[in-house]
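Naming follows writing order (A, B, C and D), and every chain is counted from residue 1.
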Amino acid sequence: MPGSSFGKAFTLTTFGESHGVALGAVVDGCPPGLVLRESDIQTDLDRRRPGRSKYTTGRQESDQVRINSGVFEDLTTGTPIGLTIENTDARSRDYSNIKDLYRPSHADYSYDQKYGIRDYRGGGRASARETTMRVAAGAIAKKYLSVRHGTRIRACVSQVGDLRAKTFDWDAVEGNLFFCPDVALVEPIAELIDRLREAGDSTGASVTVMADKVPAGLGEPVFDKLDAEIARALMSINAVKGVEIGEGFGVAAMVGSVHRDEMDESGFQSNRAGGILGGISTGEPIIARMALKPTSSIAKTGQTRTRSGEVVDVSTTGRHDPCVGLRAPPIAEAMMALVLMDHWLRQAAQNSGEVSLIDRSR
Amino acid sequence: MPGSSFGKAFTLTTFGESHGVALGAVVDGCPPGLVLRESDIQTDLDRRRPGRSKYTTGRQESDQVRINSGVFEDLTTGTPIGLTIENTDARSRDYSNIKDLYRPSHADYSYDQKYGIRDYRGGGRASARETTMRVAAGAIAKKYLSVRHGTRIRACVSQVGDLRAKTFDWDAVEGNLFFCPDVALVEPIAELIDRLREAGDSTGASVTVMADKVPAGLGEPVFDKLDAEIARALMSINAVKGVEIGEGFGVAAMVGSVHRDEMDESGFQSNRAGGILGGISTGEPIIARMALKPTSSIAKTGQTRTRSGEVVDVSTTGRHDPCVGLRAPPIAEAMMALVLMDHWLRQAAQNSGEVSLIDRSR
Amino acid sequence: MPGSSFGKAFTLTTFGESHGVALGAVVDGCPPGLVLRESDIQTDLDRRRPGRSKYTTGRQESDQVRINSGVFEDLTTGTPIGLTIENTDARSRDYSNIKDLYRPSHADYSYDQKYGIRDYRGGGRASARETTMRVAAGAIAKKYLSVRHGTRIRACVSQVGDLRAKTFDWDAVEGNLFFCPDVALVEPIAELIDRLREAGDSTGASVTVMADKVPAGLGEPVFDKLDAEIARALMSINAVKGVEIGEGFGVAAMVGSVHRDEMDESGFQSNRAGGILGGISTGEPIIARMALKPTSSIAKTGQTRTRSGEVVDVSTTGRHDPCVGLRAPPIAEAMMALVLMDHWLRQAAQNSGEVSLIDRSR
Amino acid sequence: MPGSSFGKAFTLTTFGESHGVALGAVVDGCPPGLVLRESDIQTDLDRRRPGRSKYTTGRQESDQVRINSGVFEDLTTGTPIGLTIENTDARSRDYSNIKDLYRPSHADYSYDQKYGIRDYRGGGRASARETTMRVAAGAIAKKYLSVRHGTRIRACVSQVGDLRAKTFDWDAVEGNLFFCPDVALVEPIAELIDRLREAGDSTGASVTVMADKVPAGLGEPVFDKLDAEIARALMSINAVKGVEIGEGFGVAAMVGSVHRDEMDESGFQSNRAGGILGGISTGEPIIARMALKPTSSIAKTGQTRTRSGEVVDVSTTGRHDPCVGLRAPPIAEAMMALVLMDHWLRQAAQNSGEVSLIDRSR
């Protein structure tokens, strides 16, 4: 059963391989009347785009999005929005060296176990290139939430290897190539990346994503809790291996009297819960963090197996990011936006004020 | 839109409040021919049951499950399995003290924002009592996976407050009241719980869950990656605030040449990936960890608001666990089992060997 | 993959066999604040109940529904509503005569082909008894739509064998045992049923269902058109073999200039479309018709096969309706209500007035 | 909530308007290893294509499909298959005459009630042009079912206005422009169409679709019965107002002893059930029929309303089919194929032989 769709009320369905003809998506369920132009989407695609600096992969893709449907005279009509991006830099290089072996930490082995066949060029469907369509759809959700609720969704790189952000200056994030909120860290990160590239190695990273002005009441009890949905959304991004909400793993060592967010007249006095209680948003900022593993494609030689069972050495040359985490913030924002948008519409379905038959203040 | 269902091919839909008439579930999609008796389910329910020791809540519930359908002469028939548990110890005490205020760290405030009405007795639908039905359905999935594939799913408490397991002796886990894999920790945990109860406080914890002998190939690329589904499943458990797969957050500080699991003739030489690559199982053990916040219901006085905006002090007396994490392992196992079972059937749909039209070895 | 759930925003999931322990359902997504008591549901269950007259099966079931959750102090809370009905008249008679053979026109053969195992007692899951839960859930939807929009959903038996209703007096429908809108037909139907029972035979029938005061705008373009959803809903009722909307099959012989519903100041001048254009409700009454095959369980001897391939004669004795269509109107109403309710909530998700960012009149 | 997706295990999601940039689809869940080329899809698109003869619309569209993903070296890989067709003949004519009025029997009024905005050019999303993507996806399903099971799915026009097919010669169907199984009817239909075109009018029609060699066991009890799914699939096609399975509405007037299909050693002796019992396929041919209303776009003047409430006359000139039913057979085949394919995979999920733990013959 397929896994290329996301969301129940605001749904995203994607297709496309790294070196296929084109990537594309269908965004269904968008409310009508939203002003939407290709440029609204392109902005975020450009933030994610490879080749922005020498610190990311050298692949040159313009990632130019085309809106095929669902928008009429610059307004969404409520019908599905079809998006496509042509693959222009899918060089037809020689893949015979990786065609029959399982690159360590890649999806080669597991895809082969699953399907018995795979498009090995550039990682095929498992390529990070797949995330363009998340970013494109996320841009629509971000715009809607922003216009409708004033919601602002931002993400930053809070850790690269051992380097951890000590200050969180959101205004600094877009001003450096690493989406880093701590300007003191920019230089050290640059040096680390240079050093890793030289060594033919890579590093992990961690990304923080925050959403302000989220309406209270989003999320469904039990299985579709808002934090569960965010966890799924972020963990579905390539390379992510951990997700936290609010205090995250820190809660294991806390006592209840310290952890709980007390209230006064003006509302919550703290936000250790990360904006979610019982799986439902409280109106406080939603805060999540995710960890990304180091890039798997590295020049340093490693050992692996071929399809026929032979043990061989492998070294991945080519255009690769020494740290995939550095391009992840726009993707994290997009996934957060998709979850919030979906749950806003789900909330409207069941609980739009007018639907209630009772006086809620009784 | 509703959130009380889990899974696409093996689906669980639950209902029930802490102090309602009964809890129940529908398990749909179970393959026919599995030997299933109420006792198969009861075993896990008893492991989760409150009142097993003085370290957990004193609520007395027999949690006796009844199979209403879908089983004929002790064999599943392929039709939906209806389960119910009557609420027998839902004391009709006086709830007037919490009826109109928002207990800190509880779902009271967010439910009110969402629905404008709530069953405040014992936390209603937000009560941990809801997890009985996860455990019941999980027991069916566990049995199927075990009979079919030899899959074994186990969970343990790996951290309570500052106390962390240093050794992992799975054989010790069921031998102590805390599902603790490190026997040296049993006494300290007991002391910590006693101390907290006396202080009217509570503590967080962390739980590790592992699945052996999972078929390779489970999980769907992109949004329904196996790790994304596990993350959602575990994060949907009450009080969970963080989820990790394999090395988890540790990957942020690792380099690629160390992190990647290399292969030799016999397969993977390590399992830092936690049994999942590209969102698809590799056949290696699946390892996940989750963090649970400290129990919110504590005797220590805290500040909060009433529905009408008045600031008041609140102290929760009654039958509460000082550490909800201590009862979480059976729930974590159940959620892992539900994910694996669902994805096994999803895999069978698209990729059952016989369906393939090509020679997979070519 | 399971098929026991219905609806996306207002979902019904059912379980239960004819001779199992109990039947049950989970209704998820109901808006909070609806006044709901067991008696609201019981009324429709009693209309469907067997044994109301000598013209239906003699099985004695009180079909007493119990609300297990989701309602607090007589108001829905927004959480899932769990319903159960105990099977009280599931006589443990001897089924050895049908256990190994395929009764003609029953689901015996196809279930066996599908699952390889079946609960043969009383038809198991394929029994019409399964429809009790449709009626119960439909009663909730009917009440909500009635309170919220003034929607009224009614059904009647418009044909029994060769006897067709010539007048449609909706006020007469509940006044006779056959839900017949043409009082002149009541006596002939009674005679036909008596004759058939004596002959050990049965007859088909056709049922008309109508919904007034349905909001315009319900239904989704393309696959989830409102008429497509109604067709699926009605065709999923046991024994139904045909569904029509508005003029139905009559349209094949009509010309466009006659068929189209023209408009004037006051709206549509006719309603040949049956209240739906382009798959979306127009606000005109929705009109559907369905045909039910004759009861398969008849005393008249027929030929069939056993599981082992032997050809045998079969004659079904016992408590059976000579015309299942006579009890179908409450079921048709329920399915119509479930579709409309689901699509009302779906419409609220995407198109609730407040969500729009544009002036709709521009 | 969106309605542009079809199927659960084999899913189709479409986008596109009549006069937009492009139409497209994502087909997710296709098993790997199927030989697939664009020509496999193009064949059916060409059968549906307008402008094949003077009896259909004069719109000139090459409807050239492009496969963007999911196929590697002519084999499906198991990942989503992205399809697009560019709109090349979307003439930018003047639509000011229909922009603000509701053409009778069109979706204009209902879309406006739903969304408050619409792409009025050529009917937008409500155009029959949307069905290209159904045909494209259906071609993949048809090929798979044919290779895997030998399933053959065919459709024909069995009635046009008062002209009904009296003989069913499937071999004749593809040999005439009207997909007519009764060659004696070809000339009369041609005359009728000419007459209608001259009169500026249109006619309804009815289409029969049949599937041979369908595996037994497909379809899910209760809500997702195979006939319910077929009913929804066919009724979701533009202009369809009625659907029948097997004897269809004829069953209302039949007695049980005549209707039931008896069995002997070789299987069923008749097939009045249309290949489905209890919602599950029996292995007999599946037979369905659907009725299509006359084309709404006719030259004959009719009365309607504008958005502002003014009553006006309307006459639709332009390139329209006098009988939309004449192009419907490839669409009916496609929808039948999508349902059967989806249910074949769903059946494989739960009931693949190897999954069973019991001896099915016991």
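Quick note on the criterion: contacts are C-beta pairs under 8 Å (C-beta built on N, C-alpha and C of every residue); 3 or more make two chains touch, one makes a residue touch a chain.
For clarity, every value in this text was computed on a predicted model and none was experimentally measured.
Student: Among the chains here, which has the CA centroid at the largest distance from chain C's centroid?
Tutor: A
Student: Contact counts by the stated rule: is the higher one at B-C or A-C?
Tutor: B-C
Student: Any idea how many Å lie between the Cα centroids of chain A and chain C?
Tutor: So the centroids are 44 Å from each other.
Student: Need the CA-centroid distance for the pair chain A / chain B, whole Å please.
Tutor: Using C-alpha averages as centres, the distance is 25 Å.
Student: Could you work out how far the Cα centre of chain B sits from that of chain C, in whole Å?
Tutor: 38
Student: Would you pick out the residues of chain C that each touch at least 2 other chains?
Tutor: 1-5, 8-9, 14, 29, 32-33, 75, 78-79, 114-117, 125, 221, 345-346, 349-351, 356, 358, 360
Student: Mind listing the chain D positions that touch chain C in their complex?
Tutor: On the chain D side, the touching residues are 1-6, 8-9, 14, 102, 104-107, 109-111, 113-117, 125-126, 130, 159-162, 196, 201-206, 216-225, 227-236, 238, 240-257, 259-265, 267, 269, 273-274, 276-283, 291-296, 298, 300, 302-305, 309, 311, 325, 345-347, 349-351, 356, 358, 360.
Student: Could you pull out which chain C residues touch chain A in their complex?
Tutor: Within the complex, chain C touches chain A at residues 1, 8-9, 29-35, 75, 78-79, 147-148, 221, 345-346, 348-352, 354-358, 360.
Student: Tell me, which parts of chain A touch chain D in their complex?
Tutor: Residues 1-5, 8-11, 13-17, 20-24, 26, 28-29, 32-33, 66-70, 72, 75, 77-82, 84, 114-119, 124-125, 345, 349.
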